[in-house]
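Would you mind keeping the following structure in view while I ask a few things?
So that you can tell them apart, the chains are marked A, B, C and D in the order they are listed, and the count of residues begins at 1 in each.
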Amino acid sequence: MHDRESSSLAHGEHPPHLQHHFSDEQQQLDSDKLGMWLFLVSEILLFGGLFCVYANYRAHHPEVFIYAHRYLDTTLGGINTVVLICSSFTMAWAVRAAQLGQRRALVTLLALTLLAGLTFLGIKSVEYEAKWKHGLLWGTHYRPVAEEPAAPGSASGGAAPTAAAPTPAPAPTPASVPAATGAQSSGAGQPLRQGGQWIVEHSLIPRAAQGPAGLASGLAASQPVEPGQIVEQPKNVQVFFAVYFAMTGLHAIHVIAGMVVIAIMLLLALRGRFDDGYYTPVDLTGLFWHLVDVIWIFLFPLLYLIR
Amino acid sequence: MSDTPIDVRNADGQAAGRAAPDNYLTHARGFRSWAFTLDHKRIGVMYLVSLLFFFFLGGMLAMLIRAELVEPGMQIVSKSRYNELFTLHGAIMIFLVVIPGIPVALGNFVLPLMLGARDVAFPKLNLASYYLYVAGALFMLAAIAFGGVDTGWTFYTPYSTTTNTNVVPVVFGVFILGFSSIFTGLNFIVTIHKLRPPGMNWFRMPLFLWSLYATAIIQVLATPVLGITLLLLIVERAFHIGIFDSALGGDPVLFQHFFWFYSHPAVYIMILPAMGVISEVIPTFSRKHIFGYGAIAASSIAIAVLSFLVWGHHMFVSGQSDLGNMIFSAFTFAVAIPSAVKVFNWLATMYKGSIALQTPMLYALSFLFLFGIGGMTGLFLATLSTDVHLHDTYFVVAHFHYVIMGGTMIAFFAGLHYWWPKMTGRMYSERLGALSAWLVFIGFNLTFFPQFVMGAHGMPRRYADYPAQFEPYHLLSSIGAFLMAAAFFLMAGYLLHALRRGRPAPPNPWGSATLEWQCASPPPYDNFAVTPQAGDPYDLERLRYDAARGWYDPDEDAKSAGGAGGAA
Amino acid sequence: MTAMQPIAQLLGGLPLAQEGSTFWMPSEASTGARAVDLAFYFVLWVSVFFFILIVGLMLLFVIRYRRRPGRLTAEHAPRHNLALELTWTIIPVILTAAMFAIGFRTYLDEVTPPANAYEIKVHAQKWKWSFEYPNGYIDSDLHVPLNEPVLLVMDSVDVIHSFYVPDFRVKKDIVPGRFSRLWFQATQLGEHRVFCSQYCGTGHSDMLSKVVVQQPGDFAKWLQTAAAQYASMSPAQAGADLYQRLGCVQCHSTDGSPGLGPTYKDMYGRQVKLADGSAVVADENYVRESILDPQAQVVAGFQPVMPTFKGRMTDQQIGWIIEYLKTLSSGQQAAPPAAPPASPSAGQSASPPSNPPANPQTGTGR
Amino acid sequence: MMTEGMQAAAESPSGEPSARTVHGARAHVSSLRELAAVLAALLALTALTVAAARVDLGSWNLFIALGIASVKVLLVVLFFMHLRYDRPFHGIVFLAAILFVMLFVGLVLVDTSAYQSNLIPGYAPALEESEAPQQPAPAAQQPGSAPAPSQPPSGAQ
């Protein structure tokens, strides 16, 4: 959608800025601004859908979110938040520079914003890579991998401590992990099979036909069966990671889109296309970039800071 | 369509009237002048041609469906093929014809003219929307080419995530179409807000513009949710992310909430512009000021807002909670009121008028008839207990065909015949126009009324095969469908004929007071040499019929600066 | 397969419950039907009244105010009239409010089952119904006692289906992953159609069944004998019965004609080519696996559309099916003795550890 | 504290004209000091929200986190996006979007929470098909014979 974005910016790139169907600059500026705000509205509703998914599963499966969010690395998330806020600041400053016709400042600030965007994506990719490595993915790809508790120098960096032992803080110590998995030794890279899950798997289909009642009894009975296994692991943890990747993924796409547009603005600025009389594209790009920031400001506490 | 002899002949059009020496059709020539045009009129025409093509395509699919259903058992196609047929018929008609329908084809052409503007606010975005539309359409055609899709146009999970037909191209096509729709709406809102010339205040806007404005609000607010829904569905199929797929711990009913949060407002994206067209046609052909301008304008906005509160009435038996059912049933009845108000206002407009039964008016009247049935059968479906019985039966099928086909498409053809002279500069044969209008009306009722009855008797929808008990109804229905098809071919015939041989159209053949009729037919490239002075758009009394020259003229002395507007 | 076949077979002898049906509505065969129909007719007559009013006025105006030589312009008439507009806003408000109230009240009665309702489990899957009675007996038709409230607890193993009995005016979607409940009290002896009303794929229009309403006494007797019938049957007979009852017949022919799935004729003991190019002998283990995990080894040329029967069939029942297959296969002696010849009893013990025994009849595991 | 931030930013006297006219188009130029103040506020709030998440306040954690986030968003929208000096209509447009998102989420939640009790807790057959081992877990059938009459709300385990 960002290319549409840029095309909506595109008109007026070449002087004369005033298009034939507008009566004056004011009318053109107002139209462009209103158009951009309406586009932002549609963006907000686009993400609104994802927030609805989030609210739905968070409200009805809090235990899943509380259990699973520990796999996320608050430090990296926090750093990314700061990075994005700063980029928002530089962007706002860039708009100001454009308005005042300070070309060098404009170029520098746009470049800085672009850099911040790159940093954000870099950190995100580190996080994704760690999730991938530990099998903390959606749907059937959710296969938490057991690592030797002190797996050093894992690419996940800060993520290692939390992700290494796929057990929640109040859970048995990592020592109990092999105990839990019993026969299949949990060497690095091998799926760690939570007994809790297995029991459910086997009792689920047959007992489902008997109604929640029957199933419930199955779950109740599942704890005593093999003591010492990871019973805290709630079911359908994979849903959290589905939501996590959907939300951060779509946001990342928007970051990339924003960066493309900023890069275009940077080129135009270098070519001296903007002056204090004409800077609308920079202004609108700023609006879009700030929206990307706004979305993340909500994503961060919702995904990383669950309690 | 670009270079027909229109241009040459247009000379006498000018001799007769105020036609500009060159119009938007002759302004530039050749393929590129169309492919890269930023002129809202040409974009509108391109949309119109594409729409009519897909209407033909979807119609042919419908004919196949009706042919298969003539008698029980499978005669023409296999069951799986039948499922693909109704899926594609639905998807093409909904997403490629009816939803874009009136706004993109007629709206694009008329909106700036009615407003007195030179173009829409973002001409490039407008062209981009058109090419997005084409791209989305191509994806859907590709899906047909590569074996079709059988989910039904609603793409319900988990069926859509498990079927091994190729869902993704269609869904992605619809996703793209969604953005085409968003950008059109965005464009219209900005145009109406910022490009109104001095003197054109909100309450001098023709009601068609009010309805387009209300539609655009829905397009901008609701369509993104469809976007994210389809995006998640694609991810669901491609990566099994498990948000809507119960097999992975997802919730299928949540998908239905998402889908209908868009797709019910979408019904009003379809019907609001139709109501706008009717609000133009009825006063013009009754030679009388619209009755209750304010009420009609307000009801458009009311419908736009309320339409966001009623989506759950598609889910009364889907596992939605009783609480949800109660809330959504109540809101649904609420949204029925503004529509009723409009109908009564149109009737009151005809009261004591001077009613000419020309083709656009015939379509408008059959709109009143068919939309009346469509709207009222909606009450049965809003009523919880009766909906439990009627849901997912042919009663529903008949209901939404009466609303979408009998409402939107009939109004679309009313508008097409109403603005045809303005778009092409040619008049069509009134006699054939009236004939096809009648045939469409009869064929339509013959097709869909029996479906109410068999639906009430329990005939479920989307059945490739059916118990013999329902055979007579299906037979009638199919006969009606074929009759309707014939009528549409007739229409295509005389309209195409009119393009070449039709009598040159005067600037204001019907005697309407809205601005688009003040410029020549077809309009000059930049619409208005001097921005016209906006008056009361329904002050028809000041227009006198000039028998000698055969069109309507504002007679100067009677020109009351109709500021009264009947509004506010 | 010819499309009429399943319908003829499921509805063939069924007297369409036509008696008592009106122009608009089928016969009222449940306690709830009356209330629904009253609501329907209320809305109907209100709508008819307003429709006649609107179209009548429209025609009247068209005729009276038709443009003609004497009448080229309109008469002067008010452009708006607040009193009038309020009237035709408020009257619809009142009427629709009434419709909502009626609809909601009848709906509540419709969805709240009485406490003493007789509970039957309904399992929906592409494209068949199976009804499980309290004693564990499973049938493809729904038998219910007359004038007794019946509560259906329904689940689906694959996609969304919808249980619909027009004569009872009841309908409920069956969403996988949840239990849908629906109740009714039949008031009319005889047979009534059951439709699947939520689109569920190729066989959607074949997903039919019937409700058989019996006198309570007859119903009890029927249930007893039906549950006991297998005792008197040979394994192959029992298999043949299950073949019909569990809906295998929907896709697998026994006469060699191709359906959605491979035919059973001469299948057992033969080499079958698989979709992945390899070939296996259709022996007992292969059949068992195909029933419990259908997608594992799909026969070449067929779509992987068969739903699993895991947890829906006992090992004993699988054994019966296998015996039935043997009777359909002329050359089954050619089968390598890979698996011990499975007799119903052997079926239990011979069950390889690859499938968790789940026995619907005793209820364990379900 | 948001209001304080706004005051500080607004009242800070800045050398630049707060609004300038270029080729007839009116536009607001925000002062550097204002932007810097907003940045500082945003960073401070980020720190605050991280800190707040470390203390257990029960269900309040969520609301506090959302509250802080909303304040941050408000700052960004009002000052970085100039909405404070922009046409009021743009503000209405923005609010409308938020409003409709809340409407959507709200109504969906009302319904889904009402039907949660019908769901089978932890239903996800595809998962065990992908991971199910081929030997039966002896414990599997044993519990089934003891059906408990009560339906637990999903996620109770």
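Here, a residue touches a chain if its C-beta (ideal position, glycine included) is under 8 Å from a C-beta of that chain, and two chains touch if they have at least 3 such contacts.
Values in this document were obtained by computation on a predicted structure and should not be read as measured data.
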Central chain of the complex, centres being mean CA coordinates: B
Winner on C-beta contact pairs when A-D is weighed against B-D: A-D
Inter-centroid spacing, subunit D versus subunit A (mean Cα positions, whole Å): 13
Distance from the mean Cα position of subunit D to that of subunit B, given in whole angstrom: 37
Chain centre separation in whole Å, for subunit C relative to subunit A (CA means): 43
Chain centre separation in whole Å, for subunit B relative to subunit A (CA means): 39
Subunit B residues counted as touching two or more neighbouring chains: 193, 221, 225, 240, 242, 245-249, 251, 253-254, 257, 319, 322
In subunit C, residues with contacts to at least two other chains: 155, 176-180, 356, 358, 363, 365-366
Sequence positions of subunit A contacting 2 or more other chains: 30, 34, 38, 41, 44-45, 48-49, 52, 56, 139-140, 202-203, 205-208, 210-212, 214, 235-236, 238
In the complex with subunit B, residue positions of subunit A that touch it: 1, 4, 7-8, 10-11, 19-22, 27, 30-31, 34-35, 38-39, 41-50, 52-53, 56, 138-141, 235-236, 238-239, 242-243, 245-246, 250
Subunit B contact footprint on subunit D (complex, rising order): 89, 96-97, 100, 103-104, 107-108, 110-112, 114-115, 118-119, 122-127
Complex interface listing, subunit A residues touching subunit D: 24-26, 28-30, 33-34, 37-38, 40-41, 44-45, 48-49, 51-52, 55-56, 59-64, 74, 78, 81-82, 85-86, 88-89, 91-93, 96, 99-100, 139-140, 142-143, 191, 193, 197-208, 210-222, 225-226, 234-236, 238, 276-278, 283, 286-287, 290, 293-294, 297-298, 300-302, 305-307
Touch list for subunit D against partner subunit A, complex: 16, 20, 22-27, 29-30, 32, 35-36, 38-39, 42-43, 46, 49-50, 52-53, 56-57, 61-62, 65-66, 68-69, 72-73, 76-77, 79-81, 86-87, 89-90, 93-94, 96-98, 100-101, 104-105, 108-109, 112-113, 116-117, 120-128, 130-133, 136-137, 139-144, 146-152, 154-155, 157
Partner subunit C, residues of subunit B touching it in the complex: 72-74, 79-80, 83, 150, 152, 156, 158-159, 162-164, 246-247, 251-253, 286-295, 317-319, 322, 325-326, 329-330, 333-334, 336-337, 340-341, 343-345, 347-348, 350-357, 365, 368-369, 372-373, 376-377, 379-380, 382-389, 391-393, 453, 456-458, 460-467, 469, 540-541, 545, 564, 566
